[in-house]
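Chains here go by letter, A, B, C and D, matching the order in which they are written, and residues are numbered from 1 within each.
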Amino acid sequence: MGFFLETLIGGLMSGMLYSLVALGFVLIFKASGVFNFAQGAMVLFAALAMARFAEWLPALTGLDNKVLANVLAFAGAMVVMVLLAWVIERLVLGKLVNQEAVTLLMATLGITYFLDGFGQTLFGNDIYKIDIGMPKDPMFLFENIFQGGILVSKEDLYAAAIAAALVTALSVFFQYTTTGRALRAVADDHQAAQSIGIPLSRVWVIVWSVAGFVALVAGMIWGSKLGVQFSLSVLALKALPVVILGGLTSVPGAIIGGLILGMGEKLSEVFIGPMVGGGIEIWFGYVVVLLVLLVRPQGLFGEKIIDRV
Amino acid sequence: MSERNIGEVILDVRNISLSFGGVNALTDISFNVREHEVRAIIGPNGAGKSSMLNCINGVYTPQQGSITFRGRTFSHMNSRQVAEMGVARTFQNLALFKGMNVIDNIMSGRNLKMKCNLFQQALRLGAAQREEEAHRAFVEQIIDFLEIQAYRKTPVGRLPYGLQKRVDLGRALAMEPQVLLLDEPMAGMNVEEKQDMCRFVLDVNDEFGTTIVLIEHDMGVVMDISDRVVVLDYGKKIGDGSPDEVRGNPEVIAAYLGTTH
Amino acid sequence: MKVKSLFMAAAVTAAGLASLITSPAAFAQAKEQFYPLLVYRTGPYAPNGTPWANGKQDYIKMINARDGGINGVKLTYEECETGYATDKGVECYERLKGKNGGATVFDPQSTGITFALTDKAPIDKIPLITLGYGLSAAQDGMIFKWNFPLMGSYWTGADILVQHIAKTAGGYDKLKGKKIALVYHDSPFGKEPIPELQERSKMHSFDLQLIPVAAPGVDQKAAWLQVRQSRPDYVMLWGWGVMNSTALKEAQATGYPREKMYGVWWAGAEPDVKDVGMGAKGYNALALNTAGTHPKVMQDILKYVHGKDAGTGPKDEVGSVLYTRGVIIQMLSIEATRRAQERFGKGKVMTGEQVRWGFENLALDQKKLDSLGFAGVMRPLSTSCADHMGSTWARIETWDGAKWNVQPTWYEADEQIIKPMVKAAAEKYAAEKKWTRRTAADCQS
Amino acid sequence: MLYRENGQFKTSYRADQQIFPILQDRIAIALVLVLAFVVVPFVASEYLMRAILIPFLILSLAAIGLNILVGYCGQISLGTGAFMAVGAYAAYNFQVRIDGMPLIASLLLGGVCATVVGVVFGIPSLRIKGLYLAVATLAAQFFVDWAFLRISWLTNDSSSGSVSAAGLQVLGLQIQSPASKYLFCLVFVTVFALLAKNLVRGAIGREWMAMRDMDVAAAVIGIRPVYAKLTAFAVSSFIVGVAGALWGFVHLSTWEPAAFNLNRSFDLLFMVIIGGLGSIMGSFFGAAFIVVLPIVLDNMPYWFGIPIDTALAAHLTSMIFGALIVFFLVVEPHGLARLWSIGKEKLRLWPFPH
């Protein structure tokens, strides 16, 4: 029982991070109808930027305040991501307006290749550190109730907390700010949005910047946990089933989907895995999604599609 | 208009009700269609005309009611079955296969009649080749009939609206239907185009004796070419009868003049 | 615009093809021995692949600078980036094998690529050297004429780990009922040791728990939850690249004692522990070679290569574990060439076939190693027609939070266990491939 | 003036229905075939054949398969690698488990197994559409990868999970030399390309395209979605499976599941998009682009004698590659095939502008 809870909590915490990345997908999809495969590459790119800035700044300016260095590095990385968003809008999206979804998907795959190469050319391809002082050692809860207690990784706990905070912040931003409303308007109907004078291109830049921000935070968290290196981009694949499960267009969907899958993954791996030789979490999420879609083709929270003729 | 021998009831719609999540598109609609006649369904936008056809085609499944076709009664139709029984259809907002050229679009209407299996088609020897040619020949007749010879190989996407409507009709005709459902075949056409289209519809009706169910906004056209008219409004039937009867029906006039009920 | 870009594309492609037809024309340069270098400096395994690649290259540069090549034969090289991908590796192999008078030897740096090249090598008559990786069965030189898994395979490695664990536990009888978990990279590389460990677990009746980690191994939470659940007495770590550091971090996060973790020699380098730091204190791994810049060979590299700032990588990387391994691999290739020259003519350019003989007749005793400047870096080895491994010795190293400390005791893999396994596996492979055993006569060739 | 069809009057529908109605095209294709079958095997360097032509041919085949599914039937799939893997491993099992199994037979049977798996994973397409389906197909990718790593029976209990194909031969002829391997693949590709072309220009092809363009209308004219979609999945994964078997047997000859990983699937999708959705010819263009481009790019430095750092070269390659993909999508979302036909149009009018 204690162990079950432990797994459950562990799952929920990694699920929170999936939600974070998934949110990036959803934001972009809602606002520009693009299924952004480059999200993973953006995570890596942002993390690399931050890690390197955190190294370079003290080296160049000789400031030795770690916190400050990190903050500046974060800011710097954010600037980079905004620039990136702007470039992408200028050179790619702006030129591919109202193409089929699959063409846009391909374009983002192209962006992925580009970013992988570009990021490593700029920032190098070794393992780099992001040290934001995350605690590395575990803590134990309820030791009096369960023998051995429930192990909770402090690091994951903090990470989950940050992610949760960010997710809430973004939801609020979407609900209550003018920009947020503008974004939602665009999401619902591009033409209409334009006709009431919302500049599409600016909205897109904003959305991609927000996605960039999300990527940066995810990159920072994962980076400090795993070290910043190429494989970070792979983690974003974990967020794909989340997006689809929640429904491409649904922010709450992304969050709940993330939690469900994070949980399901770990539980399945730990409790079912050993029976079939293990390593099943890699596909478990996708199969679950497949089954869910058979019942609800638009995902748990996506809008229903009705054919009209 | 030449005197045609209007026959038995071929299609009988009984008490059809259809709703999407609470919104009633059709409420308790009943009407019938006789062989060889031209039957019009009219009504303001959102009256549920297209939904009615979609029920007959098995695109939508009505919650209540039945549809009887040539003596066989169905609570809901299966598109494939309907097609096999000889019901063809054109669409209000052009549902052509944009990626294909005119010939292929019309050829696709022949698919039901093509019998070669996958492997024969892959090898495309003997039977398969002959089949393709035979049906191509038939399609060419339709192309001549609709006077679109010049556009054979053009991707339909590039054709002007009026011609696309013809191709749509052509695809339906390729099925050699007994009943032809036309969803606003003249919508958005100029006078000449409308006249052409009217001619085609009537020719089809005369030459092949095809029964025609027609949705149309243009009252003039409807009154000219149809034998009987059903009037729908807000998913309810408010009138049924000969053009003249319908023309006199106060409810219909109200509906069209848009007075509130 | 569109048409232009079409022609542009056509032009690029055409130009490419044209030059590709002509590029590998094999006109032999005068007196140059060509060493193609398959490397990966990008992708998930770059941090580990890079020092390895640099070691190989620097050693060639050093030999050229110090000795002017092998008996006057200059050494040339060309790198090709495989990104650890099999098909890319095959393309690189095809590209380089014919160049500059023909390839001397290939070191694929990847188990997957090794598998793919194992069939091609005999046809092209180029030896494959897979130091400490590749096909364990390839030790049997009577069947694998062209493969040289020098200094150890995953089977010998696994065997040595068990021996060491038994020793620390206080004898094989103590292993009875103990639980050993193998956390492995879910790929041929990671699965290779399993049969050997199963063999051992039968012998000493300890139970073996298999915990796969999907490549590249960045998400191991579930794996370590399982470890925490079953609380094994020891954990063997069979990882490569990011998987290792991640594993150590997860171990820390789940509070599994690092002292009880034992890594393969591919999980015992600086990149694996560097950014875990103290978190990995006490973690052990197999050591094929020492690290450090004190050996003469490293001094020479610093002097002749970095001294003339011709170094391939950063200076402080010289002497790191994987760098050293790269140097060793290159040294063995060059010594094999030298050996071949002794038979087929000093100062001549050797063909791959001749160098193969050299590999098969390596005799590097301690004296020789010392003279080469490898004193204390590695164990002497001598290969033969039947044994393409030359040495199955290894030591254990331990991370003290700042550097690797190699423990003094050498272990040798137990022939009684390995030999029959190798034989069986080699036979099976030969049967599938319809290969035949080499004859004694063939050994003379 | 060369490219003119004036005076070429079709006197029968058969003449009008042939694959290349225009004389010049027929001549051109004939020349290409002669070149491919007769000239190339003699002139091409071993490297060109082993490292470029053979992969190009096999991947073209796979791309044709995928194009039938994505380009003609409009069902996006990201799981192509999985179906290649099924083809390869199935063929391998037929080869090792049944004595004297002829090579071609096991390759085709590999395709058949891929068909079965393809249909199974195709069933969701009856309910799931577009991107949702695309991601759902990833389930196939990851599950199959896992299965071949985990279920040792499938790999004939090889301890490492990697398998290898024995010395290939067809009717006593050794398929060992680059030339013979190249020709072997070429024959497969030519035959399958022809069969595929016949399908897509026949009744079933029209059903697929109908489903792609307007599924409701298709249903109304009596096309059964189930049949159309599942046949597309079946045919597609059969071809892809055979391609996978060739990739394993002929190109790699020893392989592990990683040889058919997600990147393979993406590359194939690139090929059909860049090449042109709904175009058999485009599949070849796409394959050429994706196979040759990276090689050309990372050879560049050596041709121009500027030896740049390997890592940098690799990064630049992936940057340029990515950039070009975007560039092509921007210039011509309908792919190289469309550019090709536009080029031909221009050529027809040349030298007179329209």
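The rule is short, and it goes like this: a residue touches a chain if its C-beta (ideal position, glycine included) is under 8 Å from a C-beta of that chain, and two chains touch if they have at least 3 such contacts.
Just so you know, these numbers come straight off a predicted model, no measurement behind them.
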Fewest hops from chain B to chain D - one hop per pair of touching chains: 1
Pair exhibiting more inter-chain C-beta contacts, A-C or C-D: C-D
Most distant chain from chain C, judged by the mean position of its C-alpha atoms: B
Chain centre separation (chain B, chain C; CA means) in Å: 72
Distance between the centres, which are taken as Cα means, of chain D and chain C, whole angstrom: 35
Separation of chain A from chain B, taking each centre as the mean of its C-alpha atoms, in whole Å: 49
Shared interface positions of chain A, touching two or more other chains: 120, 125, 277-279, 282, 307, 309
Per-residue multi-chain contacts in chain B, two or more chains: 59, 91, 95
Residue numbers of chain D (touch at least two other chains): 149-150, 216-217, 220, 311, 314-315, 318
Footprint of chain C on chain D - complex, ascending: 43-48, 50-52, 55, 96, 149-150, 156, 159-162, 164, 166-167, 176, 251-256, 258-259, 263, 288-289, 292-293, 295-296, 298-299, 302-303, 309-311, 313-315, 318, 327-328, 331-332, 336, 339-340, 342-343, 346
Residue ranges of chain B in contact with chain D within the complex: 57-59, 79-80, 82-84, 88-89, 91, 95-100, 104, 107-112, 114, 116, 118, 121-124, 128-129, 131-133, 136-137, 140, 171-172, 175
Residues of chain C defined as touching chain D within the complex: 1-3, 5-7, 9, 12-13, 15-17, 19-25, 39, 41-42, 46, 50, 53, 78-81, 83, 85-87, 90-91, 94-95, 98, 111-112, 115-116, 118-120, 123, 135-136, 186-189, 191-192, 194-195, 212, 215, 425, 429, 432-434
Touch list for chain D against partner chain A, complex: 70, 76, 124, 127-132, 134-136, 138-139, 142-143, 145-146, 149-151, 215-217, 220, 262, 266, 269-270, 273-274, 277, 311-312, 314-319, 321-326, 329-330, 333
In the complex with chain C, residue positions of chain A that touch it: 3, 6-7, 10, 14, 120, 125-127, 129, 136-138, 151, 153, 155-156, 222, 225-227, 229-232, 234-235, 238, 265-266, 269-270, 273-274, 277-279, 281-282
